[in-house]
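Letters A, B and C name the chains as they come in the text, with residue numbers starting at 1 for each one.
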């Protein structure tokens, strides 16, 4: 950890002593909540918190300084000095962020101070979906929600549906308790970033709960398959830090990364070698490699691999597999050999784009790692974080059909589910929709009532990172600035609702959540001051013996007749917007897209041959048509796109999401087919075929660097 | 000991392209630290988006033998800065620590410096910047907001440098290696960027600058940049 | 051969040349109104830009300099019409110059006024333009004399002062004569301007010496001014700008466009003021020959500039070069070559074709061509900088276009007013045995 951050954090831990030790004058002992009148102009204080822009749950520290806002009281405007958050940095004590942040992490400030935040409880005014609301009091709001829920509670609690984010922590537990006391079904996630498949695979192979951790930093040779772990997958900051160490931190050792993906993600771009696998052929690639390892006696740990699995692999037809993967044999064999011969090999498999057979790939990858003997070893695959159980994923459209009352918290089904799954209709016919969110997004526009939460930086929470090097890792946020608006933490709101309904509710707070994980030497206050609890004390070593012993590699299924819809359509989680939630942050809108350098929009990425055939050039408008709808967007002719594979980043195309995101660009998910893969019930958003046609419209792609070749268009060298 | 009677600092940066993932955390960090104006789609389309640090990406070759190159480009803080002599009002000049600084109050907006910066890292305020309330609450009080009609660019986060130097001076010590971290460097998840004193042969940045992979951008122009790029090993 | 006016009795000459000064035809008034409203529109556009911010112009990163700087170089070029030509002709005592010089010198002064405005219009904070002048101020702030822009400021203000004096000196005897015959405000005006000219030998001697001296000085200044303008570009390290040939190249281009401008202006005066007897085919033919010569010189420099770049094959330069000769800027480039070389060469090179009309046509194309040349020097280099990731194109906004057009109208207005106040052809130079006996 670097010196500056060290001082910063120490001073927030036990400031009195530390600051005299390190001699920084500016850090006073930090009260957990700074009353605005105590703020000194120009005096900065750093407070720990948590970034909730994605499931990674990085611990952050926030720089708090004086600021002035203009407020209006009975018609009269005047200035009010308040404590403002000026900057976020990673919490250097947090083993996940290690003091670093991703681009979105910085932009969290723009959701805190977003001009489109909901400032008080609201009731719908006008039709559903129009996004018109009128203010009401908290009492009214809570009363009417309680009333609706009471009815459902009395008749059929199973008609209550709670959609939330995959984030595990105090918030999700509070929601869980609330639903239990109602006798309602458990909350469900509704996100493309819940990594349900990865969790399911780890559970079925090793009985692990949560996402396994890949110890890239200590590996020597890594094969990434389908996981854009430096971009949108799992825990970008953590894996970027690992990558840095993997590449250049060890004297004399430089890790080599080979990335197999059907688009050139930034991970593939940063890799030493990119294997452009055909969409959905990841399982076949993995089996092929496993097969080569076995054939060439490079599966050093083969005896731990269940016989049935080994036999299945040996029975496979290598030729077919290689043909399916689309990688030339020489290259594939070389990679397999290098992997097998490395003294610290690692296979990182994920489903950045989910296909119908992605689960097969993930399971196979675990067995491949088992063959390489790196499970539970440094530089290998490590068991997940304790208590990382978030809400379950399930088929939301089905649930929506059954539901009467929908409770929304940090979930946007209308955006993240294919239109073809009739979400709009489902929302329209629901009795009641209640949102606890901060913004009016596509789905909240349909809500009847909004009981707004404060921003995570304004409220307390305990968050369990999806991946962490320490078995016990919980990042803690304690409120340190006054909420800007008339909002209430969801825990408090649910509690009030329960009381109104006279049902008993076991309250949950960050503290009550963390308490059981506190090591003896650490008090809650200290934990809160340092922003988390991180240790590996008395944690039982997770098993590395496989439970399941079955592997298969089904061919991917794609919706849409090849002759009519010749192109594979591959939506993916964007670096700027993640699953779309980042789209209301101006900094992210203006951040050049790493692939196309697009700003304020996301283009359809088309390979040069296809583009030439369609007479499409970068910037032209195209219509992407699938069996279930069509979208219009600008095109980017991507020099590194697979022929016949059309990719598009997810994030734009919101109907409602504030001034920066509303009606901007197109949502790739709006045209995909409602195909759910069977093992974990995850949306197979890569399982759609499309056709693309050029539109006669003035070119419209906004790029920061339109030119993507180092030599000029005239090719002088 | 006192910071003042020592050899002056010579702040420089090293960027290890073998670590850089092109994630652009540095870009966002710079926005957050330095109150960069956010444009809108219309002006962004006009080429008026401002990024003091940008990640240049170049594709090389054709599929399947295609690869991409990421390269963060910020003000190279040239010792022989071509932007400086052309400024008619000394609004951009070399400060005693070798930083190329920009005096907003003094700039009249001829944009000559920008034409003469071979790295195209200078950005102009075409209008007065605007932030929809309450976005402005985030502004960093240590960094002035630039009015319309003046030039701006990466400052190496001079406000952070000054703060560290003042603290060191008060404590009668020299600024420790790694004590000053510009926002982009601080944020970089892959730890590809390193900042420090090039006058200190022991500093991490000096050692990286001496690495076999170390090169400087458009070095042939004799601009003497103080940003060193460690080339990718493959 | 003797130039025509010598054959006309002086009284008649004076009547002819004074006629335009009195009264104003409706045609004159309408044209003046038209031009001044266009000029006014330009002023409004500028006002809008000052109010809203320089961003209302089309310039942006990486093309930080656009139409304004193109116009700047263009007009400073035009300004070389007068002084240079008239100075050369004066010094060489070319007799046929007499009817031409004043018209030329007037162009210089007005073109300079207009050209000099553009760097200010171009500023991000135009209201602070005076910071570029070295004036004592409480903050002891001085401008940076290492900056070519400072050289510009110095050179152009010198040139403007010089050429104004140079225009004024030969006016004095005419003004004095006018005073005798004028009444009312005109009398007072001429009275003030004639500086007590009585036509004494001493005064004649002084004037002659002053004019010869100024001619010499102004030549030097004129050459240096456009060299300095060229250095704004060649002192930088941008591809295709950093070129030692730019100084002379710009001067030649300037004289080239200057002569073209002069021919056009003379043609207009000739028609509008019925001065066919004074501005004869003879003058046009002589100027046409000059124009042809400059066209060839221009071609030589253009070839020299581009050939060396192409042969050197320096990648960054080749990108800019390529964009001009075969890329997006190619159409402008080849139109320029057509306008600046093909047309003058054919029309003026072939003796049979060399007439007043063809001279005018050639001049018009040269004006267009030379404007394009300035455009092609500035924009492509900025569009294709050294780092390809920062490439970008440029399209002017209505503001830039309005202001650019308005300056041409402005030129017309200034010229028309001048021609109303002072004889556009020097009168006294036709008077037999004026000046000192020798």
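By our rule, contacts are C-beta pairs under 8 Å (C-beta built on N, C-alpha and C of every residue); 3 or more make two chains touch, one makes a residue touch a chain.
Computed from a predicted model, the values in this text were never measured in an experiment.
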> If each chain is a node and each touching pair an edge, is that a line, ring, star, complete or other?
Replying inline: complete
>> Going by C-alpha centres, which chain would you call the most central?
In response: B
> Taking each chain's centre as the mean of its CA atoms, how far is chain B from chain C in angstrom?
Replying inline: 43
> Quick one: chain A and chain C, Cα centre-to-centre, how many Å?
Replying inline: 64
>> How many angstrom lie between the centres of chain A and chain B, each centre taken as the mean Cα position?
In response: 30
> On chain C, where are the residues touching two or more other chains?
Replying inline: 388-390, 392
>> Could you pull out the residues of chain A that touch at least 2 other chains?
In response: 705, 709-710
> Residue numbers in chain B touching 2 or more other chains?
Replying inline: 54, 56-58
> Given the complex with chain B, which residues does chain A contribute to the contact?
Replying inline: 2-5, 23-25, 41-42, 65-67, 69-70, 82, 84-90, 99-107, 109-110, 112-115, 230-231, 236-237, 240-241, 243-245, 247-249, 254, 256, 264, 266-267, 269-270, 272-274, 276, 484, 575, 586-588, 590-592, 594-595, 597, 599-601, 607-608, 639-643, 659, 664, 702, 704-705, 708-710
>> Per the contact definition, I'd like the list of chain C residues that touch chain B in the complex.
In response: 52-55, 58-62, 64-65, 119, 122-125, 128-129, 131-132, 141-144, 146-150, 153, 232, 235-238, 382, 385-390, 392
>> Under the stated contact criterion, what part of chain B meets chain C in this complex?
In response: 43, 46-48, 54, 56-58, 73, 82, 85-90, 106-112, 114-116, 118-120, 122-128, 148-151, 217-218, 221
> If you look only at chain C, which of its residues touch chain A in the complex?
Replying inline: 313, 315, 318-319, 322-323, 326-327, 384, 388-392
>> Applying the document's contact rule, which stretches of chain B touch chain A when the two form their complex?
In response: 16, 18-25, 27-29, 31-33, 38-41, 44-45, 49, 51, 54-60, 62-64, 66-70, 132-141, 164, 167, 170-171, 176, 178-181, 183, 186-192, 233-234
